[in-house]
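In what follows, subunit A forms one complex with subunit B and a second complex with subunit C.
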Partner chain A sequence: MRASRGRGKTLRWGWLDVVLLGLIVLVGLYLWRRAAAEVFYRWDWSVVPEYLVYQNPETGDWRANLLMHGIYATLRLAFWGTLIALIIGVVMGCCRVSRNLFLRLVSRTYVEATRNIPPLVIIFVVYFFVSSQIMPLLGIADWVRHTEGALRTVIEVSFGPTALIENFLSGLLVLAAFEAAYFTEIIRAGIQSVEKGQWEAGDSIGLSRFKVMRYVIMPQAIQRTIPPLAGQLISLVKDSSMVSLISVQDLTYSGTQVAISTRKIFEIWIFIAVVYFVICFSLSLVSRWLERRMGRGLQ
Partner chain B sequence: MIRLENVNKWFGDFQALKDINFTVGQGERVVVCGPSGSGKSTMIRCINRLEEHESGRVIVDGIELNEDTKNIAAVRLEVGMVFQQFNLFPHLTVIENCTLGPIQARHMSRDEAESLAMKLLERVQIPEQALKYPSQLSGGQQQRVAIARALCMEPKVMLFDEPTSALDPEMIKEVLDAMIALAESGMTMVVVTHEMGFARTVADEMVFMDNGRIIESAPPDAFFSAPKSDRTKLFLSQILSH
Partner chain C sequence: MNTTKRTLISLIAGVMLFGMTGAAWAQDTVNKLASESVIETIKQRGVMRIGLDFFVPWAMRAKNGDFVGFEIDVATKVAEDMGVEIEFVPTAWDGIIPALLSGKFDVVIAGMSVTPQRHLRINFTDPYASSGMLIAANSKTVPGLTRVSDFNNPNITIGAKRGTTGVDSVMKQAPLAKLRQYDEEVVGMQDAINGTIDAYFSSSPVPERAVASSEGRLYLPVQETFDGSIESFAVRKGDPDAILFFNNWIRLRRHDGWLQERHHYWFVGNDWADQVDVK
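Up next, the complex of A and B:
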């Protein structure tokens, strides 16, 4: 039995495949029957749309509800987290290969300290310091409270409700600082994978070391490291769920709240899992497209 | 133009250059030959500080090469280099490869740099490849782009480190032709190569190195017909037998 699948690749179904598939279906059906019979749980999927959006009964406007706000917060964490972590990663990555001993030591220490402690522990340790000491120092909450109009809208779209902004920023900075250590190592490996001849060619046409890095080495390093960078970005999105434990109101946090109050645990958590999956899978598709597009110059 | 005085260099315990005394006058074409491991590449890489000499002096166009980065930068603007492995920038088009140096190191405007690059690509006979990427070109074309790229910096001296050694035989001629044309325009050149036919055509001086030392140095006629040292004779007999 053959089924062809475009491009000349054929799917061949042997007897073993049929047997295994049959076994899996049988086991699945059995578990489903047992679950339906014995697990006492009333499914009610209506809680999902109910907490996603709600309609103001008087004006008929659709507004975002808790879960939707959570999705927005997670997307913001993903976007800003990646941006900040990439910038730190590029700078630290260059420091790791610098000729300056001090820069090498600082970046190495940062990487080793961050990579050898569990993320949750780092989040707890750093977050309380950042949010209780640094944030009040910067006076961001006060400053934001006094903004108006277009600026305020931009801030709210980018960072979420102004009342929660200090909390959000603290969580964001901790997340970014943590993930940046991994970005650093990826970029460092990328830089070191560019052959020495590229440095020599850059040097010999009179470019300063900084300019060789900026125009010759870094573009090649980044292009090579797009797959692991994308993988790390997806890790970032998944790790962002941990900031829910420090009360940043992301999707996981909102989900916990709704699940507890409605007691529809399975529906809510399955929904949340699906949302994270959609976000992460879309990122991996974008990364594959980016890889193809940037690879044209460097067959 | 170029002066190496009593230059020595070690790689760990291995001495790669032993009391090198080497001069190149303006407009001279010097071909350096010798068995592999003789230090030829190391010597010319000391001229643009891709290698650091450990004793002695290296002076290029009156500028002494030492720890001072300003000197190194100044020398590198005057010395162009063509590598055995081409070392073109794969993420840039041919013309971007050529204009990167002039724009970033000589602070030329993009238009000036591009017209200079096109002029030089015409000189090496590949102007139509300007918008292609290096991976789309043959080896001979890539090396000619490398020559154009080095020439875009308008150097006073051109160094060639075995420019044809990584090429298929049928592409060697196009690169050598470009180098001969360059020589005829009066450029000062130091070429490390095994191409003796080219050497005979172009060189003012032949230099033979073995084991880190300069064994013999003479104009091509004298060098090929009446080599003085036994090691030179041995080398020539091996290399000229085909």
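Up next, the complex of A and C:
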């Protein structure tokens, strides 16, 4: 459908398609049979819904269970992570193209240091050395522990269980700081891709450098950066599984716990893969829609 | 008063003053040690934070999402006896000692075996449990073995969980065999069932349970556990009060039979199996 709209060609089934499809099915069946013969495993998919939502047998109440909490945690990480990374990324991206040498040096150092160190190392260093010094000083954990009522609900909905809030915040900051380095470079490239004439045009009508950036350059740059930003955003969602190493109870770690307890590894991991796919694929769809919409606005 | 006398008196006074401040310093140190103990922190906070990782049947997630297991019972009972609430901080095994050192939780109650290497970095209490190794071996690739030493063979591949005493045991008992380390025990056990590896070393009762549910694909080459180990609470160094408190708690709960009863429930019995959906 889409192809026909785009290029004026209609899709038609040819004999090659049938042969290729048949081959794929055959290879799939062969692999499945091999796996079934070699691998001794009793499948039991009931473990997934059971750990997704739990029904109390006495009262009949339903409530979210481990896997559902894991999905929430991953979504929270993705949401706050994107927000913080975008803010850092835009600020640092502007610094990268600034006329001020100091700002350029700072942002360049940040990008190179973050991009060229394995994320796992950054996570451990920040968690064990930086956050274990800073978090107690801020006293967030103690403050949160003593909150009550509506405030507590708001905190729990936004940041997860209060007992593990320090871990969540550390994980979130590391993730955001790490991804923001890539965002920075994308934004820089976006700004630099805007033709020099646009700057000159802004200058010639007497706009300040900030106003040229705000009203002329940024709108064009942002539209151009949406596809790479969306790609990086999808990486962020997948990279968020790394923070399970520092006790953040995200989807990956919750899944691991269920897999260990029930010994149903395959069902759980397939389910986790599907959830990550759904989250990331919806992000792709949103970015496509956004791209088309913004493109229309600028024409 | 002549000069000598005066000097002597001031000297004596000086020594006395110095001695007194010395005593006061010592008193200060003792007070400081007591007030900085993690026990004091727990009391003030009203919450005890426990670091743990998941091992069957030490700590697991029940069908309703609750923490269950021997470890959970022990930790909950300690908190109950202290009159504080409890918070569990599940942490990947590799990071559990660094997390304890950097103060992410107060005490590790995670079936941690005492080893001299670990003891160099953290302090252990008296043991509250003991366990031993067993082997789950593949019935097709390595049939009919009956001794641990049979596994010391370069053609045999053995699995164990990374960073656990299982790895130490493989290196000690079967240095010639190929060792494969796993992050998750279930994955290693599945490999043993499939014959990707020949055997899996783990603490009892994990191998027995795997053999029982494998429909003959796995067998137990030895029935008696070997490479026995003791499990203790782990706390940060330099905190004598915490060690004393937990030691006496363990002594008391062993003397009144509570620890043995719970240990029997989780390690010998199987009444808990339907809590975690193991079919």
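Definition applied: the second predicted complex is superposed on the first by the 277 of 299 C-alpha atoms of A that agree within 3 Å, B and C clash if a C-alpha of one lies under 4 Å from a C-alpha of the other, contacts with A are read in each partner's own complex, and residues count from 1 in each chain.
One rule holds in what follows: a residue touches a chain if its C-beta (ideal position, glycine included) is under 8 Å from a C-beta of that chain, and two chains touch if they have at least 3 such contacts.
These figures come from a predicted structure and were not determined experimentally.
Judged by the touch definition given at the top, the superposed model places A:T147 against neither subunit B nor subunit C. Once the two complexes are laid over each other on the shared chain, residue contacts for A:S284 go to neither subunit B nor subunit C. Once the two complexes are laid over each other on the shared chain, residue contacts for A:S235 go to neither subunit B nor subunit C. Judged by the touch definition given at the top, the superposed model places A:Q223 against subunit B, while subunit C stays out of reach. Looking at the superposition, the partner that touches the larger set of subunit A residues, subunit B or subunit C, turns out to be C.
Once chain A of one complex is fitted onto chain A of the other, the partner contacts of A:I205 are limited to subunit B, with no touch recorded for subunit C.
Look at A:Q192: by the touch rule set out above, it reaches neither subunit B nor subunit C. In the superposition on chain A, contact is made by A:Y215 with subunit B only, not with subunit C. Once the two complexes are laid over each other on the shared chain, residue contacts for A:S98 go to neither subunit B nor subunit C.
Those residues of subunit C that touch subunit A in the shared complex are 45, 47, 49, 54-56, 60-65, 87-92, 94-95, 98-99, 101-104, 184-187, 189-190, 193-195, 213-215, 217, 276-279.
Within the complex, the subunit B residues that touch subunit A are 48-50, 73, 76-77, 79-81, 83, 85, 87-92, 100-101, 104-106, 133, 135, 149-150, 152-153.
The touching residues of subunit A, counted against subunit B in their complex, run 197-198, 200-208, 211, 215-216, 219-220, 223, 296-299.
On subunit A, the positions that touch subunit C within their shared complex are 38-42, 44, 47, 50-51, 54, 56, 65-66, 69, 124, 127-129, 132, 136, 142, 145, 163-164, 166-167, 244-247, 249, 253, 256-265.
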